[in-house]
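Common to both upcoming complexes is subunit A, partnered first by subunit B, then by subunit C.
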Partner chain A sequence: MENAVHTHQLTKKFGSFIATDAITFDVAQGEIFGFLGANGAGKTTAMRMLCGLLKPSSGEATVAGFDVYRQSEKIKQNIGYMSQRFSLYEDLTVRENIRFYGGIYGLRRADIPVKTDQILRKLGIETVADSLVASLPLGWKQKLAFSVALIHEPKIVFLDEPTGGVDPITRRQFWDLIYEAAHGGTTVFVTTHYMDEAEYCHRVSIMVDGKMKALDTPSGLKTAYNVDSMDAVFQILARGTSTK
Partner chain B sequence: MNRIWYMVEKEIRQLRRNPVLLRIMILAPIMQLILLSYAANYEVKNLNIAVIDGDHTTYSQRLVGKFRHLDNFNLTGYLSSDKQARQTLLAGDADLVLVILPHFERDLEKAGSTAVQLLVNAIDGSKAGIANGYATAIIRDFSSDIVAETRAVSPGGGPQLTIENQYWYNPKLEYKTFMVPGVLFELLLLVGGLVSALNIVREKEIGTMEQLNVTPIRKHEFILGKSIPFLIVGLGLFTVGLLLGRFLFQIRIEGSVALMYVFALLFLILCVGLGLLISTLAENQQQALFVSFFLLVLFILLSGLFASTENMPVWAQWLNWFNPLKYIIEVGRNVMLKGSTFTDVSRPFFVLAGMAVGLLLLASWRYRKTV
Partner chain C sequence: MNRFIAFVKKEFFHILRDRRTLLILFGLPLVQVLLFGFALTNEIKNAGIAILDNDKSPHSQQITNKLLASGYFQLRENLRSNGDIERAFRKGTIKLAVVFPAGFTENYEHGRSAQIQLLADATEQNTAISLTNYATAIIRDYTTDLNPTVQPPLTIDVRSRMVFNPELKGAFVFVPGVMAMVLLLVSALMTSVTIARERETGTLEVLMVSPLSQGQILLGKVVPYLFLSFLNGCIIIALGVFVLKVPLNGSLVLLLSETLLFIFLSLSIGIFISSIVDTQLVAMFASLMALLLPTIFLSGFMFPIESMPRPLQLVSNLIPAKYFISIVKGIMIKGAGLRYLWQPTLVLVGMSVLSMGLSLRNLKTRLS
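For the complex of A and B:
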């Protein structure tokens, strides 16, 4: 089966600053792929290149089989994206947001109400369907944004620090949604700096200063570095120190 | 195609959710239309004039007398010296001082010519220009009286030179009549250009722009989806303005109303194109506001809304080649007040259409989903 994401020596320079330095990796279909790193490590830049928002400086990358240089619009039809900046319209209601993005992603007019009911029911937010998004708690907004990113049933969904600023229980619920999506065959590409979330991923890559320092399953990484948590792995790689 | 509709629907919903903006967008222009039309009045009345009469003869008295009998002038008194004249002007007690030199009458009779001096307070340049114009006309009138009298020795008399003005298209010299069409289009520039630019830049700031950029929405779908709501609002505003002009200011539209709307739509497309272009260049609302404001003030001041473009320096007239507001205000005045037809205003039509297409092309070239 073809890989959902493939990169080879993918690089992005801003002037003399190398944000993403020759990263090479593959993501299999249906995989939950974690992208870890400190702030400014180059996670978001890499993700933006894969989503067709940013032109790479050099290297190769394909997403859903499409080339990031020449076929970025094809890529956009096949991916969902949820950024760390909140991406729903606060001055529209829940229902209106779903309707708008459904329309933009080219859902058929008749399908939109059906899809809307599905999302509302799944998230258990039927009661606030006609409230403005601005009035929802952050955790609900994030779950809604995730569902909206999946509205067109994309092959791959990119999540850029999707759970920033919410409590552990809400984060856990959010990850249930991620598992559900992955179970349905959607590839999930997620950046995070919560180490407990790293444990939930099938495979994890750790970026430090634009370079990819490690790539393996969470258990594989823990074994390789002889530690018992992803946090410890990260400490060793990112800071060059051990917490032990 | 469908996506355009979803964009329009969303924009209109958001606009309705923002009653303050909506109110400002509708009320502010109306206020401006009323205020500017009433306040921007160039008629100069009650000019205070002081006189230094160095001659004290019949002729000099007659000249001063001419100023006395006019509404526009208000004779404040006689002064005795240049120094006093300077003080009077400085204190603002007189707008102009007429200086009649000694031997005024003698020179006039013997040499057939003499000079008088006008000192004009030119702090307000346009007022000074008008005051000077009035005064010069009066003096010329006086001199032609004298010429006529000296020739009157021969029977039949000499020709009496009078300056007679006829004001066409605006017979009562109503500045409101002149201002309304101009202000009307200036307002479209405000809504179409400034508000649309801010709207898009706001999406950049919130982050929804990035979200839209990862969707398969096409450039033209985005641009049309963003433009159409502003065209609708703009045309609505234009209608309100026309109605105000008709019923509040009693300005009859001499030309075709349909032609006015064609130009309004064309101009709005141009303005939205400009707004889009600004929004692609600006990173945040401050930048967009600054750039729009800079252009707006430049366009308005050069446009001929307040001052005649013909009297501007050549370089300013060159700049005006690129000033859409200048063309549209001319068209507006001609169609509304003179009843010009499309043939009369076809040149500005094509110039404006060219600008609109150019701006839209530039904006869609600058608008990139991938940076």
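For the complex of A and C:
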């Protein structure tokens, strides 16, 4: 089976600053791939290159089988994206937001009401369908943003720190949605700096100063570094210190 | 196409849900036109004057009557002595004093030089000049009416006529000026703020990742405001024509097309601003400082360009409103067609292409 994401020596330079330094990895279809790193480690830059927002300086990368240099339009059709700021319009109602994203992703007009009902029912938010998004609690907004990012059934969904600012219980519920999507065959590419979330991923990569320092399953990493939590792995790699 | 429609629909939701935006959009032009049309006028009506008649003759009486009948002046005081003049000015009730010296009639009827003194309050210099001009003209009329046949030898007879605006109505200047100002401000301000807002909330990023092309995003931002600004332009024209009685001597179709062109230019300037700023607040300030002030001061709207120092005159060539104002004046008041207006029109087209091109390029580099 073809990989959902493939990169080889992917590099992005801003002037003399190397934001992403020759990273090479593959993400399998249906995988939940965690992309970890401190702020400024280059994870956002890497993600933006994969989404077609940034042109790489060198190296190669394909997303859903399409080349990031030449086929960014094709890539955009096949990916979903949720930013850390949730990307919903607060002055639009829930229904209008769904309709808007359905519209710009080219869903057929007849399909949009069906899809809207599906999402509302799944999230259990039928009662607020016609309320402004601004009035929703943060956790609901977040789930809605995720569902909206999946509205066109993309092969891969990119989540850029999707759980910022929400409590652990809501975060756990959010991950249930992620598992459900992955179970349905969607590849999930997620950046985070919450180490408890890293444990939920099938595989995680850890970026430090633009370089990919580690890539394995959470248990594999813990065994390799002989520690009992992802947090400890991260401490060793990112800060060069051991908490043992 | 469906994608684009979904996007435009969303933009209309934003605009219609935001009361403040709506207020700016439709309140501003209304207030501006009415303010400039009625309150802020430099026309002279019923200026207070005082008469010091030391002659007390039929001539002085008739000249006084003629002055007062003109509508420009209103008698506030009959003075008794020269000393009263200064006092009357100090009080501030009068703008002009007319003094008939003793022996005025005698001098006049004996063919000697008869003098009338006009004193004007020059703390407002423009008003003072206008008032003395009006009074002089009225007095001159009186003498010619009195002696229609007597032509003093070898005098040059100056006959002036105010072409296009015989009543010297200020609305003729203000309506095109306000139109340029409001359209520029509303269109540029609104678009720059709306794009900055998407940048601030992070939704712009999501739009960029979506299959919408950059052109579609920009156009989707422009279309609703193009529509609303055009509506605005029509409201201003209607107010000008029906309420302020500005004539519409030229083609309405041409006027509306030029208005559309100017709106398009303003919108692309708005996009350009939003492509170089980060927040709504900065976008708003940039629009106000970079557009409103130059438009008011340098477009010829308030101050004649011809009397500016040379460097400012050169700068005024960069102000889009300058060209639009001359086009609107040309069409509405002079009834000119495209044959006379192709030059400023071409400048506006050029400016639109330039700012649209620049902002497209900027936005591209900024987003990536």
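The working rule: the second predicted complex is superposed on the first by the 244 of 244 C-alpha atoms of A that agree within 3 Å, B and C clash if a C-alpha of one lies under 4 Å from a C-alpha of the other, contacts with A are read in each partner's own complex, and residues count from 1 in each chain.
The working rule: a contact is a pair of C-beta atoms (placed from the backbone, for glycine too) under 8 Å apart; a residue touches a chain by one contact, two chains touch by 3 or more.
Everything numeric in this text was worked out from a predicted model, so none of it was measured.
> For the three-chain model obtained by superposing on subunit A, do subunit B and subunit C clash or fit?
Clash - subunit B and subunit C, as placed by superposing on subunit A, overlap.
> Who does A:Leu54 touch here: subunit B (first), subunit C (second), both, or neither?
both
> Check whether A:Gly106 is in contact with subunit B, with subunit C, with both or with neither, and answer first, second, both or neither.
So A:Gly106 meets both subunit B and subunit C here.
> Based on the superposed arrangement, let me know which partner A:Arg70 touches: subunit B (first), subunit C (second), both, or neither?
neither
> Among 27-35, 63-71 or 99-107, indicate the stretch of subunit C whose C-alpha atoms run into subunit B.
The segment of subunit C occupying space taken by subunit B is 27-35.
> For subunit A, which residues lie in the overlap of the subunit B contacts and the subunit C contacts?
51-55, 73, 76-77, 79, 81, 83, 85-92, 96, 99-101, 103-106, 109
> For the complex, which residues does subunit B have touching subunit A?
Listed in rising order, the residues of subunit B that touch subunit A are 2-3, 5-7, 9-10, 13-14, 17-18, 206-208, 210-217, 369-371.
> Enumerate the contact residues on subunit A facing subunit C in the complex.
51-55, 73, 76-77, 79, 81-92, 96, 99-106, 109, 158
> Please give the residue numbers of subunit A that touch subunit B in the complex, ascending.
Residues in contact with subunit B: 51-55, 72-73, 76-77, 79, 81, 83, 85-92, 96, 99-101, 103-106, 109, 132.
> Sort out for me which residues of subunit C touch subunit A in the complex.
These residues of subunit C touch subunit A: 2-3, 5-7, 9-10, 13-14, 17-18, 201-203, 205-213, 367-368.
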